[in-house]
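Presented below is the structure to which this report refers.
Per-chain residue numbering starts at 1, and chain names A, B, C and D are given in the order in which the chains are listed.
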Amino acid sequence: MKNLSSEEIVQYFNDKFKEKIKDARIEKRSAGSKKKEFFNIWFKIDKSIFKEAINHLCEIQFPHFAVISGNDIGENIELVYHFSVYYGVRLKEISINISVEVPKSNLKIESICDIIPGALISEREIQEMLGVTVEGIPDNRRIFLIGNIPEGVYPWRKDEKGPQKLVRDMYE
Amino acid sequence: MSEKTTYTLPIGPIHPALKEPVAFEFEIEGEKIVGVDLKVGHVHRAIEWIGTQRNPIQIIYLAERICGICNICHPLAFSRAVENIANIEVPERAEYIRTIMAELERIHSHILWAGVAAHEIGFDTVLHLSWAVREKVLDLIEYLTGNRITKAVFTIGGVRRDITKDQYPTINKALNYYKENLGVLVNTFLDDKTIQMRSKNCGILTEEDALKLCAVGPTTRASGIKKDVRVDQAYCAYGDLDIKVMTPDIVTGEVNGDVYDRIVVRLLEVEQSVDLIEQCLDKLPSGDLVAEPKIPKLLATLKKTEGEGIGRAEAPRGEVIHYVKLDGKNEAPYTWKVRAPTYNNLLAWIPMLMGEQIADIPIVAASTDPCMSCTNRVTVIRNNKKEILDNEELHRLSIEKTRRFAR
Amino acid sequence: MIVLRLIKQLFKNPFTNKFPAKYTPTSMTEFLKDVEKGKVKMIPPIETPPQFRGAVAYDKEKCIGCQLCMRICPSRSIEFIPETKKIKIYLSRCTFCSQCVEICPVDALSMSDKWLLADTNKYSKNLIVE
Amino acid sequence: MTKESLKTFKKSLWVFHMNTGSCNGCDIEIVAALTPRYDIERFGMMLVGTPRHADVLLVTGPVMKNMEDKVKRVYEQVPDPKAVIVVGNCGATGGVFHESYSVAGPLDKIIPVDVYVPGCPPRPEAIIYGVAKVWLKLEEMEGKK
């Protein structure tokens, strides 16, 4: 497959998933004195097509997976998967951020470790930081918080499960 | 010896770096490693959570203290994320100064690493040699920024300190020093028989594994994957500069993905950094330093801004990515997520360490530059009796192996 | 090759900066007392460059009590005293970023080049600027 | 032996460095103090690999909750007479990490501390100066004996 431009990538996803892509936005920025440009693409997708979308992304090029970030937005938790494609070509890299919302009543998301094994640590992290259950994760132990904070407290949450009560005032 | 028994060997957990302190648990068969497990998080400092309690200017200094060694890249990535959200145009001069600072840091970090790596194989002479060479760049950093380690020169929308014409002689002197003295270091590392014996064909990471496990930085470049944010994306002044991805085949003509290749990549990058700084100094445009010099006004603007953005930068150890979400109501960001390079390189350790000997653990673990060696305490369980092997012992084993080769 | 380097080394000044004394003093207590009295001289540390970020210096007269510095201090090292409308800076909390110096509208704060601050009490007089 | 030299702390100071969660800034400055430019080893000081060999415990970083018991254990393992130095402000007071949920507190709430070296990170010579202050304390203890 030839190198796609950022509009073509958005088109490529829209063609395949149609209205399941809730929102797609291209962010164009430039830097330096020659004002060379770079692009970030932000997708908001429906949970039902999540795994398929990742597979679809792999068809463009095997992406570099960066990390998963999570937002607690009231009723739902939003997970943002950060990828980049076309690395290695001078100034052609495109960052792709795919966000998917998971309702707090059913906090489950599929694992992508079978496609991208490097996502394991990040998936373990969202499990303990947000309390999201990742289905099919090869290793579901906690990772960063062992011994530091008790189970059932999720530091990235904004609700009553947040870590606020664990804070000690150091300056008395 | 027909029946093979494996033993478990935990290493760690006191690992000083970032939030990635790590404990290994090895399964060993004699001297050979047949299983690796990782435990991280002993020194989780909750930096991301603290960040959501403070305003963006305060976070810059918090981001600086994510890692004491890569303390340019984290504030840089964070400010880029915020600038992307709030549509702040950074002045050209500030972009160039940012680039110079980032490259100075790369020089100091890679030379630091070279010393640590030499120490891990028991070659302490080279540790002292390389750290002596490193002092020059620290002096330069102190001269330009006022601090030896934490530079504190970044702010949202620009930089806080200028590089003036009368500072050029000092900078040029330091750069010339590196042009003259790096040769000694490079020769020591690339031609020395002992280092070659210890590092060639050791800790191999194949191209496929590097791709699948999403390794970053010199670790992945040594395996032949051309991934370098400075080349891929036009951030700071890198879009204007003459730069290429450093892979080990430039020197050796082949890519093995072993420890030796990682050494080659790092040394090449130091040379490249000196060159990049000179290019920047030549082209340094005139203009402002900050987009919005009044901090209270900047904070007020950011308070009203809503949106999410990412900022990326190439740290000495690999790609740094920060995700920030501002909600338009509070001064503090709604979410802040930091991805440091070692985070992605953790999993790459497993294929690297498989099949190696115990004595190779320090150098293989150090070869990804996890900010410090994580081999503080080792327990060997032999025949149900616990023998404690400490850092020294492991270090001694490593030195003995070097001596065996040297003979 | 190596012999040549060795001979060169003989005539070079050593790279080490011998702070605070060349050899271990017979008694450190005596040595530091003598230094205070001015009997012996400490070998000075490596010089700090101009614009070095040392301990914060505070000009109480100029301060107008606007509390801007408190707002951007990343480590809450600045305390406001409501009675006098002045501030108090704890150096043992400071991160030496000099952000407060930059934001101060009346230049009441500045960075000194004092940095040998080791002390036995973290809230001793030397470590509080007011 | 003269009476004068009896007052001196008779051993070379051996130091055990422990990191309880610092950002590495202080740690590299401690290593820098050992390397040629500052060369603290000319005073006979060296970093040792186990607390049982050490006279001085050097701690960097705020104390994380799951490092709390480890610090206590290491402190107990250091033989008397001993001294503790905190390098960097985050170990002394929490510094920039002061409102973190996983920090157990400043070090002096957990074990007794003798010398604070403020700085973020301090220059290597400030660390050497801090060690000199510890020397005073050890000499004082020796003198009382």
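Just so it is clear, contacts are C-beta pairs under 8 Å (C-beta built on N, C-alpha and C of every residue); 3 or more make two chains touch, one makes a residue touch a chain.
This structure is a prediction, so every number in the text was calculated from the model and none was measured.
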item: Chain pair with more C-beta contacts, B-D versus B-C; value: B-D
item: Centre-to-centre distance between chain D and chain B (centres being mean Cα positions), rounded to whole Å; value: 26
item: Interchain centroid distance [CA atoms averaged], chain A/chain B, Å; value: 23
item: Length of the line joining the C-alpha centres of chain C and chain D, rounded to whole Å; value: 19
item: Chain C, residues touching no fewer than two other chains; value: 15, 74-76, 93, 95-96
item: Multi-chain contact sites of chain A, meaning residues that touch two or more partners; value: 145-148, 155, 163, 171
item: In chain D, residues with contacts to at least two other chains; value: 36-37, 64, 66, 93-96, 98-103, 120, 123
item: Category of the chain touch graph - line, ring, star, complete, other; value: other
item: Chain A residues within the chain B interface of the complex; value: 27, 29-34, 36-38, 40, 42, 62, 64-67, 69-71, 80, 82, 84, 86-93, 95, 97, 116-122, 142-148, 155-156, 163
item: Sites on chain B touched by chain A in the complex; value: 19, 39-42, 44, 46, 48-49, 84, 90, 92, 95, 211-216, 225-229, 231-240, 245, 283, 285, 308-310, 312, 319, 321, 323, 325, 334-335, 337, 339, 343-344, 346-347
item: Sites on chain D touched by chain A in the complex; value: 64-66, 93-94, 98-106
item: Residues of chain D that touch chain C when the two form their complex; value: 4-5, 7-9, 36-39, 42-44, 89, 92-96, 98, 108, 114-120, 122-123, 125-126, 128-130, 132-133, 135-137, 139-140
item: Touching residues on chain C, where the partner in the complex is chain D; value: 15-20, 23-24, 26-30, 32, 45-46, 74-76, 90-96, 115-122, 127
